[in-house]
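Read through the structures below before going on.
Note that chain A is present in both complexes that follow, paired respectively with chain B and with chain C.
Up next is the complex of A and B:
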């Protein structure tokens, strides 16, 4: 018990940030799982974060309601983004969403009435660990159900080969639009969770750093299963902290090095259902091969 | 043979002056084709004749530069692929295009998308939808059974042999219970026995009411399994009608084997 308390005292905030980052990673995963690389999650998070912070700060809205509203705001923003961006080819899509991240910051800086501008906003409420845990559990459950639904099957088909999927009656546009809505809601919720964790947000909170963390988490964890996003966010949040404890000299480059190593040696991430299937098939072949080889001797 | 096509009545698929140009090159150049309801129709021609382009035009992956494609009374030429699929056209690919990372069963389940019978929303929420999911799963298993792949249902499709992948692709295409099935070289890379199994399957499907349009290089299979055929060369119609008559056509012989004179010369050299 004592060790547990010690751990919490030392690493409690790391666990909390890993959970917050999970929302962003899942938001990025939501679109990536239909073959769209998008950084727009950062914009959805900004919408959700500032919306929730203002609702709580100015109108005294209870925290759970503010989080729900943040999800709604993120979802609305994502509908606009999807309508505007989904016509683009994949690499242009990624670039356009990156441009959106830059625009988000400038807009946030120049709308002090809504965002506090350069001075930022103090958020007068804090999300409890339990609330955060419940919120993440609900979102994770949704992803779990989605992955086993018709949507999940169609999403995988669209990601692997949109043309073939379309000749089977799946509309890639509709599936990717849905993916954006999911990404927007989860991104908005994540933005609010971040605001209620940091208790101070500014336009810099929702910027390139966040984009990097979420994409890296998804890639590292594995973008072919939603659990990968959770694992990736945990590893990626814990990595700098542990590095600081063990070898402080390389703390700054640890993230970059880890990402490079993963991309070179595990390009499909830590959690990769396809690799399990391939290994199973290889084992089955080995067993079959062993059996036929054994026959002449017997 | 010709009488039999008349018996079965109106064409299910009809193209009029269909052309597809890529830059200055016409892959298909004013093709008229008609596929009779309930028949197996062969689409043949030398490499580069425009057969696969034709399949892509019918399924909406390309849109024709000119001409009309009518299927069961509906004009297809401006529709997106998923709408054409919903009208009842399904296909396989010349180079097998299965989804990476999916098991054989999942591939066929995806093929059943149009027959899932529940909305996306209720498939996420409802327990009633789970019953439908199990039904669809059973249908997908039955299709795998039909192509002789039921025992490999839970294996990743990419770990299977080429011929097996082709059979899974056919099962996937049947998942949507189509009215017209387009098979793009379904027996490529198969041995004689496997190819004949596919031919027999095609006949079973036809006898069950399905119309089949198949691109096929194996002339033996075409004469044995197709009720009628269309021969293309350089994107144009070369011959059409009863398969044996088409293949015997001097123009077809020349397209496949070179000029008649050359053939005679080879004979005289022997």
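Up next is the complex of A and C:
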């Protein structure tokens, strides 16, 4: 028990940030699982974060309601973005969403009435660990159910080959639009969770750094299963802390090197359903091979 | 009128820096199909190497620029061989290379912080042509002329290289489809190395010149160039260096005029809005070819 408490005292904030980052990673995964690379999550997070912060700060809204509203706001923003961006080809899509991230910061800087401008915004409430845990569990449950549903199957088909998917009667546009809505809602919730964790947000909170952290978490953990996003966020959040403990002088360099090594040697990420399948098949073959070899002797 | 002309030249010089950086960035994106987050670091490192070449070794100005440019190209080759080459056969596409380039971005940025002692350095004024040149009654900083000439030379040079020579044809072929290029007898490994070097060197030149012109040699230099260079590439159409050059200059002029006549806070907003409008309305950019598809 004592060791557990010590661990919490030392690494509690790391665990909390890993959970917050999980929302962003899941949001990126939602679109990536239909074959769309998008950084727009950062914009949804900014919408959700500033919305929730203002609702709590100015109108005294209770925290859970503010988080729900943030999800709604993120979802609305994502519908607009999806309508504008989905006709673009994949490379352009990635670039356009990156441009959106740049614009988000400029807009946030120039709308001080909504966002506090350069000075940022103090958030008067803090999300408790239990609330965060429940929120993440609910979101994870939704992802779990979705991956086993018709939508999950259709999303995999669209990712592997949109042309084949559409000949099977699956509309890639509709699937990707839905994916964007999911990404927007989760991104908005994540933005609010970040605001209620940091208790101070500014236009710099929702910028390139967040975009790259999020996409690195998703791909690092494995972009073929939603659990990968959770694992990736945990690893990517814990990496700097661990590196600081081992090599405090060059922690950033070590973080970059770790990212490089994982990507080069495990390009499909830490959680890879295909590798499990291959391993299971190999084991089955071994058992079957063993049986045929045994037969002549027996 | 005097102010207007001076500001125009300021804008063109600023835009030339963006364009010069963008030419390198676009070359990698068009030929190698990589969205390289580490590209800004090439510029930072070229500027840092140029700075130490002047400050510690005492090399003359043109040689220091050359040192920075070669350093930019060399780093580009190192990054390409370590971060991108292992992924080429595995079909991870845009995503895998993006993540490894983020890794290198973190590494190079942090090392650049050590190299400059976490502060912004400036080239000593005696080491470069810091005076003014008068052209038709206007007094223009000599460095701005150097920057504009550098952009003109690089754009024309790279355009001719890509469009008129056999090497350029090989680069375009690899950009279109590396496998069929190999079948056609192109040594794609050499082409990739050459492209990486050329891109790093061009962006490195932008870094050294930008470091001198803005008196800021640090890791933030590359980041600033990267965001604006990226905008120039997209607006201009990334498979044509002429488009990048013109779009970069336009962005620079627009930025300076918005800051002068409207408001400084709108400066970045207008650039990025233009970027987004182009992406949604005309994704192939000003000069881009009609279709772009990578299987």
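In this section, the second predicted complex is superposed on the first by the 285 of 298 C-alpha atoms of A that agree within 3 Å, B and C clash if a C-alpha of one lies under 4 Å from a C-alpha of the other, contacts with A are read in each partner's own complex, and residues count from 1 in each chain.
Simple rule for what comes next: a residue touches a chain if its C-beta (ideal position, glycine included) is under 8 Å from a C-beta of that chain, and two chains touch if they have at least 3 such contacts.
Keep in mind it's a predicted model, so treat the numbers as computed, not measured.
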Inset, instruction - Check the residue A:138 against both partner chains and state whether it touches chain B (first), chain C (second), both, or neither. - result: neither
Inset, instruction - Look at the residues of chain A and decide whether chain B or chain C touches more of them. - result: C
Inset, instruction - In the overlay, answer first, second, both or neither for which of chain B and chain C A:65 touches. - result: neither
Inset, instruction - Answer with first, second, both or neither: which of chain B and chain C does A:170 touch in the superposed model? - result: first
Inset, instruction - For A:253, select first, second, both or neither according to whether it touches chain B, chain C, the two together, or no partner. - result: second
Legend entry - chain B versus chain C as contact partner of A:224, first or second or both or neither: first
Inset, instruction - Using the superposition on chain A described above, determine whether A:264 touches chain B (first), chain C (second), both, or neither. - result: second
Inset, instruction - Examine A:278 and indicate which partner it touches, taking first as chain B and second as chain C; both and neither are also allowed. - result: first
Legend entry - Footprint of chain A on chain C - complex, ascending: 33, 35, 37, 82-83, 86-87, 90, 92, 94-96, 98-100, 102-107, 109-111, 227, 230-231, 234, 265-266, 268-269, 272-273, 275-276, 279-280, 283, 292-294
Inset, instruction - Mind listing the chain A positions that touch chain C in their complex? - result: 32, 37, 84-85, 88-92, 94-96, 98-100, 102-103, 106-107, 109-110, 212, 215-216, 219-220, 223, 250, 252-253, 255-260, 263-264, 267-268
Legend entry - Residues of chain A defined as touching chain B within the complex: 145-146, 149-151, 153-154, 156-157, 160-161, 163-172, 178, 224, 273-274, 277-278, 280-281
Legend entry - Sites on chain B touched by chain A in the complex: 59-61, 80-82, 84-86, 90-91, 93, 97, 99-103, 106, 109-111, 113-114, 116, 118, 120, 123-124, 129, 133, 155-156, 158-159, 172, 175-176
